[in-house]
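What follows is a pair of complexes built around subunit A, which joins subunit B in one and subunit C in the other.
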Partner chain A sequence: MFGYYFMLGVRSLRRNPFLTALMVLTLAIGVAASVSTLTILHVMSGDPIPSKSARLFVPQFDNGQLDEYSPGAEPDDMQMSYPDAANLLRSGQGERRTAMYNIQLPVEPTRKDLPAFNAAGLAATRDFFAMFDVPFRHGQVWSEADDARGADVIVLGHAMAEKLFGQTNPVGQRLVLTGHPYTVVGVIGPWGPLPRYYKLIGASRFGQGEDFLIPFASAIGHEVPHAGSMSCSGKRDSGYAALLGSECTWIQFWFETRSQAERADLQAFIDTYASEQRKLGRLKRAAPNRLYDVMEWLEKLKVVANDSKLSAWLAFGFLALCLINTIGLLLAKFSVRATEVGIRRALGASRADIFRQFMIETGVIGLTGGVLGLALAFCALALIGMQSKGMATIAHMDWKMLVVTFAISVASALLAGFLPTWRACQVTPAIQLKSQ
Partner chain B sequence: MLRMNNLSKVYRTHMIETHALRGFEIHVNQGEFVTVTGPSGSGKTSFLNIAGLLEEFTSGEFILDGVNVKGLDDTARSRLRNEKLGFIFQGFNLIPDLNLFDNVDVPLRYRGFNARERKERIEDALAKVGLASRMKHYPAELSGGQQQRVAIARALAGRPKLLLADEPTGNLDTQMARGVMELLEEINAAGTTILMVTHDPELAVRTHRNVHIIDGQVSDLVRRAPSLLDADAGVTA
Partner chain C sequence: MEIRPILSAMLRNKTGPVLVALQVALSLALLANAMHIVNERRAVAARPSGLLDEAATFYFEAHNLNNDTPEQMLATIRRQSELLRAVPGVASVAYVSQMPMSNKGSTSSFSVDRNPQGQTTSLGMYVSGDSLVKTLGLQLVAGRDFLPGETVDVDESALRTPPDTMIITKAVADKLWPGASAIGKTLYFGSGEVPGARIVGVVERLQTAHAQVGDLGEYAMIMPARLYGEAGALYAVRAEPGQRDRVMKEAEQALRAASGSPMILTARTVEDDRKSRYRADMALSWMLVTVSALLLLVTCSGIVGMASLWVTQRRKQIGVRRALGARKLDILRYFIIENVMITSAGVVGGVLLGVGLNQLLVTKLEMARLPVPYLIGGAVMFWVIGILAAYGPAWRAASTSPALATRSL
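For the complex of A and B:
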């Protein structure tokens, strides 16, 4: 009978076309509003690396001075000082570990037809690629030896590789960064987790991948300045060497453990490390040392802004209003079908049959509203994406949201249809049939 | 086929009670063609609605084709209605946005027949009422008489044991009414029991017997086909 009721539902769309159009439009607008905000929320709050998000950890120490410190307060610093980053890199803790900082450098292409340009990249250790599942289109990551000696090697993002070398494999080619020749060892394939969880500080959280990556030690060796935020408490001398020896925090650091269970061991290690550093006169504050896994880190840095959550709530509130409106329209649509209900009841339909028929008809309205809602949601997301480059990155719909759109639409329609359908089932057939 | 013993139907509002039927007794045999007459408000429609399982009765006993219908739930009553009864209404009551084929298809869908059997029954029923060539037409494209024929085809498609007709010729002109009546007589002659409410005395005299209802009780009985009625199967008032 489902097919029969579905067919009746499709035919029913043509009945009272104005009323049907109003219902579908009302539903579609509500669905589009909620789905477009939900899409953005979904991208913002989704797990960017589900396979290992519970095994990747950001350690957090408090490098601040004792003045202006309230005992027990959470650490202020979201990044790490160079001494701590260097120590933790050498620690051998976890399966992998990486330190990184944002850099922005002038690139001098070897091609004569291409002028120099600025590119945003990352100075990181080689573990970065394995830790964050970075795919390679050409070549591979630099070696441990390159990391150790700070070799001038570079891994290009695929967009920058195409810009510099076209479609050819550029591995082995050279380009000049800040006057130093760098050898290309690899090109990253399409990659750009959203949000850009691995470097949430000092760069767009919803940017796409990296233009290039060079070894952390190479960047330090060439005194490449960081291009992001830095937090310094207390005084420090000027100069790059002074920065490296200071308690200023400007490096982002990640551990990867073999299992989630190793978190406790890692926590014990950083507590011990901080305690030892205190004995050496550093990390003066007795603030708790923290470890954050990926989802905790996203929450800590409020990647999903309260505004976004509020927008989603408001959109669903709007959908609720649309549903109330749809209930009214469905009541009107179904009330004029009381005679049909009476006829069907007289011909053998039970109340349950009528309930199923009308709910499936309502579901058809929901599906139609879903199709229109989807089109409107695409338009809404396109408009949202026009606001900024960052929004353009996140304002797109994946297949999950496509399914969610139809689920919301059909569920909304069924919810709205429940009362009108229930009332239709209460029709007294004898009265309806006699009144004709 | 149908037996009601000491049946009553009371409509209650918070202010008043209305006794539509009281101490109602009737027994209709298989194969009979019975007309029900009576003034407006006498209880004819209540009787027909109860006979058609469209309304519940207040007290008494009602046996339909051997099934005691008292206490049956909605699903069981609907199934019984679908399998044993056919309805013909004064206002035809076709579904306007379904073509003739689909209109006749409605009761068969609820019976759960497969597509092939439904098609056979629909074509057969429409052929019997002379509308086989118009099965893709919509009700609005037909005359009143033709619409009533479709309603009869719809009632016949399920091959019911009892056909309930509520003033089936009330909305038709004389010529069309005669045609519909002849069709009902043919159906009855083929073995289907018919219970017909009418105000038309000319139609009443054409059936096997006439039951006259006044104030919710059977007040009169006119027998015209004694061969169909034996002493046990009569109507008592």
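For the complex of A and C:
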């Protein structure tokens, strides 16, 4: 019977073309609005590294000055000073650890036909690649010895490698950064988690991957200035050495533990570390020391903007309105078919049969609205993507959202169809037939 | 009036009226909140930056790839500034540390006295080797611009000796010295470890690099210093009105031609910066406007649809009433009054729902509180829309000929 009812449903689309078109359109617009905003929310709030998001931690100390401090207040500084970063790197805590900072440098290709250009990259330690699951296309990461002596080696992002060296394997080639020759040791493959959770501060949160990476110690050794935000409490003299010794915070730090359970050990370690530093006269505020795993960190830094939530809420309010509207239209559509129901009932159809028939019919409307809504949602996302490069990387649909779109549209149509169908089932055959 | 009979008729068949009232309530609540947010965002995006002629102002960021000594860099800065001034159509050039709304810039904290425990204020720091007041066309409301002798050359790579004069914005003056003149007062760096600088002028307005919402977006100060010794130079240029694009192209060619070493040169207009600073706000406001328009369309179609349905359902009754002596006007009035009653119920619900939704937005999403006029305006609008939407079907009902309508009885 399902197939037959389905056929009837498809046919009834044509019976009342204006009313049906209005219904399908209303449903499609409601679905498109809610799905496109939901897609953006989904990409923004997704877990960028599900396999280990509970094992990667950002430590946070409060190294501000004592004045203007109210005891018990949460630390408001999200980055780390160089002394702390250097100490934690040496600590050997966790399975892996890395310190990093944003750099923006002019790159001078050895090729003469390519002019110098600015590239945005990262100064990090070798653990970075293993911690954040960075794949390699050519070569490999630099060695521990390179980290230790601050060797001038560089790992390129694949887009920059292609720009500089074409399709050839560039491992072993050289290029000049800040006047120093760097040797290419590797090229990373397609990689670009969204959001860019590993460096949420000082760079676009929805940017794609990195142009290049160099060893942290090499960048410090060449006094490469950081690109991004820095917050300084207390005095800082001029010059790079003074910056390294200061309490200015500009470095982002990550730990990786072997298991989630080791979080308590890591917390104990940073508490001990902080109290040792306090004895040395640093970290004067007795503020709590914090660890954030990936999802907590995304939450803390409000990666999902309030504006995106607002859009999603309003879009769902709009979908609700479209639903109420569809209920009205379906009531109108079904009310003229009381006679048909009366005859079917008189010929022996049970209420359940009528219910099934009309629900399948609304399902067909929901499906049509869903297909149209999906097309509209793609248009809406393309429009949103044109806003900026960052939005373009966010506004794309994956198969999960495709399924959700269909679920939303069919579920809304069925929900809308419930009341009208129930009303149609209430038709008393005797009265209907009498009035013929 | 026939309110009683209409009401009792409606109560016998509640579903339709309830659906319409719900639609009106929901769209009024959404619309009032959406319009409020749209107006708020547009007002923020339209704030003046303090620049005289934004459309004619642009800037270059020049990065020379060489190993010059700080003194050579200073010479390059002077040479490039002169080069830019010589381009025909250039009104004024300033070598400056940052630009308003560019999203790249530094702030520094200042205090009014040397008390280390005292309150400090964070100000956007414009360090300019030339008159920024002239180049950006800022409006002085008190005091004067820097004198030529007050501008100092400061080597960033060596110890910093800050200049001893500064210009602040009116927003800063009003905050630190409310009701008094700021001219001649001193501001200290940090909490007063370094000698302070004397305020010589107050400008009406100069937005910070981040152009934050609220007063914070105008907390800025200008220092007369030519910073050198670190790679990278920023030149703000104001062209004669209407000549920006041509001047920009010629100035870029001039800079490139005169450079002896490889150079990375980027040019941006203030208009570009304004656009990217407020891109998210404008995107949200367009999205809300689109949704609101669809909202109205859907609600209208809902009201028209339901009213038409009722007219069709009651054709016979209308015929009977007309046959019994009711005029066209009576029928028309019946449907209009019925619709006004339903819309009114919806409007009342919508106002309550709108206030509730706003409360949720205020607590959960840090949005601003909804002013009452939005609700009143929305209510009036929906009343008018309700009557207009019902007019068509009601007129059709009134034109029903009694003979035709009662024929099948």
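Methods note: the second predicted complex is superposed on the first by the 432 of 436 C-alpha atoms of A that agree within 3 Å, B and C clash if a C-alpha of one lies under 4 Å from a C-alpha of the other, contacts with A are read in each partner's own complex, and residues count from 1 in each chain.
Simple rule for what comes next: a contact is a pair of C-beta atoms (placed from the backbone, for glycine too) under 8 Å apart; a residue touches a chain by one contact, two chains touch by 3 or more.
Remember, it's a predicted structure, so these values are computed and weren't measured experimentally.
Clash-free side-by-side placement of subunit B and subunit C is the outcome of superposition onto subunit A. When subunit A is checked against subunit B and against subunit C, the one touching more of its residues turns out to be C. Of the two partner chains, subunit C is the only one that A:Thr26 touches; subunit B does not reach it. Of the two partner chains placed by the overlay, only subunit C lies in contact with A:Lys309; subunit B stays clear of it. In the superposition on chain A, contact is made by A:Gln387 with subunit C only, not with subunit B.
Once the two complexes are laid over each other on the shared chain, residue contacts for A:Ala261 go to neither subunit B nor subunit C.
Taking the Cα centre of subunit A as vertex, the centres of subunit B and subunit C in the superposed model span 100°, given to the nearest 10.
In the superposition on chain A, contact of A:Leu280 is made with neither subunit B nor subunit C. Legend: residue contacts after superposition of the two complexes on their common chain; A:Ala145 is shown touching neither subunit B nor subunit C.
In the superposed model, A:Leu321 lies in contact with subunit C only, and not with subunit B. Measuring only between alpha carbons, the smallest separation of subunit B from subunit C in this overlay is 14 Å. No residue of subunit A touches both subunit B in one complex and subunit C in the other.
Considering their complex, residues 45, 49, 52, 54-55, 74-75, 78-79, 81-83, 87, 89-95, 97, 106-107, 109-111, 154, 158, 166 of subunit B touch subunit A. Put simply, subunit C touches subunit A in their complex at residues 15-16, 19-20, 22-23, 26-27, 29-30, 33-34, 37, 63, 65, 67, 116-117, 119, 156-160, 190-191, 193, 230, 262-264, 266, 276, 279-280, 283-284, 287-288, 291, 294-295, 298-299, 301-302, 305-306, 308-309, 313, 357, 361, 364-367. The touching residues of subunit A, when paired with subunit C in their complex, are 19, 22, 26, 29-30, 33, 67-68, 106, 108, 115-118, 179, 225, 235, 237-239, 305-307, 309-311, 313-315, 317-318, 320-322, 324-325, 327-329, 331-332, 335, 384, 387-388, 391, 419, 423. Chain contact summary for the complex, subunit A toward subunit B: residues 1, 4, 11, 14-15, 339-340, 342-353, 428-430, 433-434, 436.
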